[in-house]
Amino acid sequence: MARILNIVYFAWVKERLGKGHEAMEIPSDLDTISDLVELLSKQAPEYKSVFADLTKLRFALDQEFTSIDASINSAEELAIFPPVTGG
Amino acid sequence: MARILNIVYFAWVKERLGKGHEAMEIPSDLDTISDLVELLSKQAPEYKSVFADLTKLRFALDQEFTSIDASINSAEELAIFPPVTGG
Amino acid sequence: MIKVEVYADDFDAGFEISKLSALGCGAVASFIGLVRGDGDVEALELEHYPVMTQKALRDIAETANGRWPLHGITIVHRVGKMSLGEQIVLVCTCSDHRSAALDSCSYIMDRLKTGAPFWKKQWFKDGRSEWVEERQSDLDAKGRW
Amino acid sequence: MIKVEVYADDFDAGFEISKLSALGCGAVASFIGLVRGDGDVEALELEHYPVMTQKALRDIAETANGRWPLHGITIVHRVGKMSLGEQIVLVCTCSDHRSAALDSCSYIMDRLKTGAPFWKKQWFKDGRSEWVEERQSDLDAKGRW
């Protein structure tokens, strides 16, 4: 059964994609964040451009920092953003 | 020629000597703070008692911390006090 | 007592610090980060990930609380656009011991720089804007704990 | 900008901190030491060596100023008798960099504990009083710089 994942973007990722969030239907055989990023990169050139250098991106699943190799499993929200620079 | 040295005391040194300062005529052959402490200890029992454990005392000459072995030279003021405990 | 606040308005650092001073411990340390005029910067904009921010800051505060004997921790972080000289963040800790207060305050700031979902954009006098990049010195600072 | 003040009255820490915040640097660190109720202590009395105090505090501030890139240092130290919870000392430093501000603030406190002519007497609830003894942890803290 396909799942719906909420994807949120921040900072220049949000600006360059022109949106802060989207809901996406995830194929049942999709495993990691990396797989999802690959899938998105094939969908449209702006994804391909934003995801071109993965060393510049960080990820959180259900509001916990994680690595691109993490399995999405039953997470409800994936966040994609540049390294944080607060404080 | 004999010099006059102003001696100031603080904290329990002052309390136990019953005075915060005194002017003392220093013999011309007196060299270090240690010599002076020895001289005072002979003068009266309260000095002897206060100076009994020299590890518990600290010294300043003309408002600069110094050691008991320092020469008094032409200093105008000697301070004798316990280790500092500010802040 | 852990207090974590994230909002757009300016805060009264003195008031926040005095509230921790009133807890009866002997040592209160604080750090305030402000917008500094690097080059032609005239404003800073802070974006964050609201659902995650509170949680991330609270986790950092709780880790500090487990590492040092603290009586209180206050973290206030602003978001939105701020002009030169404005306050961005306050971290304040109190303890019976000065080293616990000072070290935990440093620790929280170092962790916050790399572990809370905030992103800074610099606005320049000529109207340009630029996202601030991750700094190696911040990663190094986090690494020392 | 080095400011060193020693007096009997209480001080407004928030006001002092805000004056350094107004200098335009990005990082302001501060430490406040307060009278803590150790055991049956109900008040603290601070004696000092007036002619020497200003000089010793200024020397410490100037050494910090030479070691870190600071824009301002404020040291306020009270003397006389203070009740539980009252402020004793404030050290505040500002810099362009948070580690310089925080480290110099720690440094000044550590130096002040062992290198400025202040003596603390504790007053207890039963009327007794006792001079506070030098603490090995303060000597160790000074030694790490």
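Should a chain be cited, it is by its letter among A, B, C and D, assigned in written order, with residues numbered from 1 in that chain.
We adopt the following convention: a residue touches a chain if its C-beta (ideal position, glycine included) is under 8 Å from a C-beta of that chain, and two chains touch if they have at least 3 such contacts.
Quantities reported herein were computed from a predicted structural model and do not represent experimental measurements.
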| request: Determine the set of chains touching chain B that also touch chain C. | output: D
| query | Based on the averaged CA atom positions, which chain is farthest from chain D? | reply | A
| remark: Between chain B and chain D, the Cα-mean centres are separated in Å by 27
| said: Taking the mean of the CA coordinates per chain, how far is chain A from chain D in Å? | reply: 49
| How big is the gap, in whole Å, between where the Cα atoms of chain A centre and where those of chain B centre? | 74
| field | Contacts with two or more other chains, residues of chain A listed in rising order | value | 87
| Per-residue overlap in chain C, given as positions that touch at least 2 other chains | 33, 98, 109
| request: Throw together a list of every chain pair that touches. | output: A-C, B-D, C-D
| message | Which stretch or stretches of chain D touch chain B in the complex? | response | 33, 46-49, 51-52, 55-56, 77, 88-89, 109, 112-121, 131-135, 138
| request: Within their complex, state which residues of chain C touch chain D. | output: 12-15, 17-18, 21-22, 24-37, 84-85, 87, 96, 98-99, 101-102, 105-106, 109, 141
| said: For the complex, give me every residue of chain B touching chain D. | reply: 8, 10-12, 14, 60, 63, 65, 77, 79, 81-87
